[in-house]
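Both complexes shown next keep chain A, but they swap its partner, so chain B is in the first and chain C is in the second.
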Partner chain A sequence: MEIIKKTSGSIAILQLKGRFDAHEVAPVAAWMQTQVDAGLAQVLIDLEGVNFIDSTALSSLVRGLKHCREKGGELRLCNLQQPVRVIFELTRLDKAFSIYADQATALAAFQNIE
Partner chain B sequence: MPYENYEKWKTIPQVQTPHLSIVIPAYNEQERIVATIGAIASHVSDLGFAWELLIADDGSKDATVKTVEELGLANLKVLKTPKNGGKGSAVQRGMLAAQGDYILFADADNSTPIEEVSKLLAKLENDGFDVAVGSRAAEGAEEGKKSLLRRILSGGLRMIVKYGLRIGVKDTQCGFKMYTRDVAKKLHSKQTIMGFSFDLEILFLASKFGYKVAEVPVAWVDAPGSKVDTRKEVQRFLRDLWKIQVNNLSGVYRQEAA
Partner chain C sequence: MVMIEHLEITAKLDNLSTMRDFVEQQAKQFGANERQAFALILSVDEAATNVINYGYRGNPGLLEIDVEREQETLIVTLKDSAPAFDPTTIPAPDVSLPLEARQPGGLGIHFIRQFLDKFSYQRSADGKNILTMKKYLTKGEKA
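Presenting the complex of A and B:
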């Protein structure tokens, strides 16, 4: 899986490409932890290039969401491809996360809160 | 990729014979199965034909059955059994219950991505094959995250299968195989091996009965959480290989006259 790290102001952005499964969770979880520890609890994960996400990867996102909220921030998701969208719906995690159509809309949602 | 196709499949029970049935054997898969169902439902609903999904539970002790039933998907059936009979028995029940013109069995961890299904389907629909076997050994296959031990074992077992049973298929164990309906019913009704190496028996029978078998290169990822105990399974594999030879010599696989 390809991982691209970016920032936009105080928002940390992670773009993922490929299959997001238990093999790939460690670097993503470590990056989220580093951001939160550094006080960057506004996190956006862009899943545009992801066509499959397994239960371990979903759990890591839930943990990331919890950590961000504990620090007063938020973890948002954007660009879900249809298979990933369906997986979020079936696991009912679409209700737990704020999900946006694209990066621009997600970034605007962060600005509205700040 | 219109979401509406998935939504329709999810909510409206189909009345026509499915073009494709997908059978997923499941034992204690409450954690992994929903993501796999989601990936399959999203992709296959867009292929433009009627299809059904069968989860063949193998007496799971966890909440696999409840988890799947609660999804409430209109064209998904759960085949239940109180007793754990082995992966082969779950696949057999699925294959015998499936109604599609073509029947695929796929593993519960989506280790061969469902996007590969069209390659197998094309072999049966267009090229006149009776069986299409997803293969990690055929030229052009992509194998990701496979441990060294599993690579060595696979190589060794492939040699035994080739020379012991004279099965031409290089990768007998990949959990991604498709059959025409009649062939699936004929092969799986003769199946006697219910464990891990049931595939070997099915491919032996396909060869014995003269069916055309295509080996199709597919992508494959060694999904974490595999339930295969490698040492035990190798022993069982060798024992089953012997059982196939004995069955064959004693007439167990004899076909009834038409």
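Presenting the complex of A and C:
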């Protein structure tokens, strides 16, 4: 899986491309932990290039969301592809996360609460 | 006529993609559409991850995967030699709870139950865990 790290103002952005499975969780979880530890609890994960996610990867996003919220921030998601959206819906995590159609809309949502 | 394809592979997380590719290729060769193949790919990924993380617990081991078509049913069998464990007994997670109240774990088995038509476990006489996962190709398609 390809991992691209970016920032937009105070928002840390992670773009993932490929298949997000148990084997790929460690670098993503480590990046999220680093952001939160550095006080950067506004996180956007762009899943446009992800066409597969399993329960281990999903759980890592849930942990990331909880950590961000504990620090007064938020973890938002954008660009969910259909096989990934199905997984979120099946676990009703589509209701727990703030999910946006694209990066621009998600970034605007961060601006609105700042 | 019964058609079977077999893969034997080291049980480690960086082999998950090879396992998924094998199941996808064989399932489609045996007539699965995208949704049916996805159901089997995700189920194998989840079951294999459980075996690697909680069965072998980092110890070396093998996974054997069979994909077969029996009439209108695709059957994927996953065998391992880890200590006996029946994943069909794992309780379903309560996905209606708010995020803060949810307990970790159990989602993988939840996916398997949701996407497959049948999911069963047996312990063989020679000390192997055998998970049998079935997806109907015609009637009663789920998810």
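By our rule, the second predicted complex is superposed on the first by the 114 of 114 C-alpha atoms of A that agree within 3 Å, B and C clash if a C-alpha of one lies under 4 Å from a C-alpha of the other, contacts with A are read in each partner's own complex, and residues count from 1 in each chain.
Going forward, contacts are C-beta pairs under 8 Å (C-beta built on N, C-alpha and C of every residue); 3 or more make two chains touch, one makes a residue touch a chain.
Because the structure is a prediction, the values reported are computed rather than measured.
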{"item": "Room on chain A for both chain B and chain C (clash or fit)", "value": "clash"}
{"item": "Touched partner set for A:17, first chain B, second chain C, both or neither", "value": "neither"}
{"item": "Which superposed partner A:62 touches (first chain B, second chain C, both, neither)", "value": "second"}
{"item": "Partner chain in contact with A:71 - chain B first, chain C second, else both or neither", "value": "neither"}
{"item": "Touching partner for A:83 - first (chain B), second (chain C), both, neither", "value": "both"}
{"item": "Partner chain in contact with A:96 - chain B first, chain C second, else both or neither", "value": "second"}
{"item": "Chain A positions touched by chain B in one structure and by chain C in the second", "value": "19, 21-23, 52, 54-56, 58, 83, 86-87, 90-91"}
{"item": "Interfacial residue positions of chain B with respect to chain A in the complex", "value": "1, 3, 6, 31-32, 34-35, 37-39, 41-43, 71, 109-110, 113, 115, 145, 221, 223-225"}
{"item": "Residue ranges of chain A in contact with chain C within the complex", "value": "19, 21-23, 52, 54-56, 58-59, 62, 65-66, 83, 86-87, 90-93, 96"}
{"item": "Chain B-facing residues of chain A, complex", "value": "19, 21-23, 51-56, 58, 81-83, 85-87, 89-91"}
{"item": "Contacting residues of chain C [partner chain A, same complex]", "value": "13-14, 16-17, 20, 38, 41-42, 45-46, 49, 52-53, 93, 95-96, 98-100, 102, 104-105, 107-108, 110-111, 114, 143"}
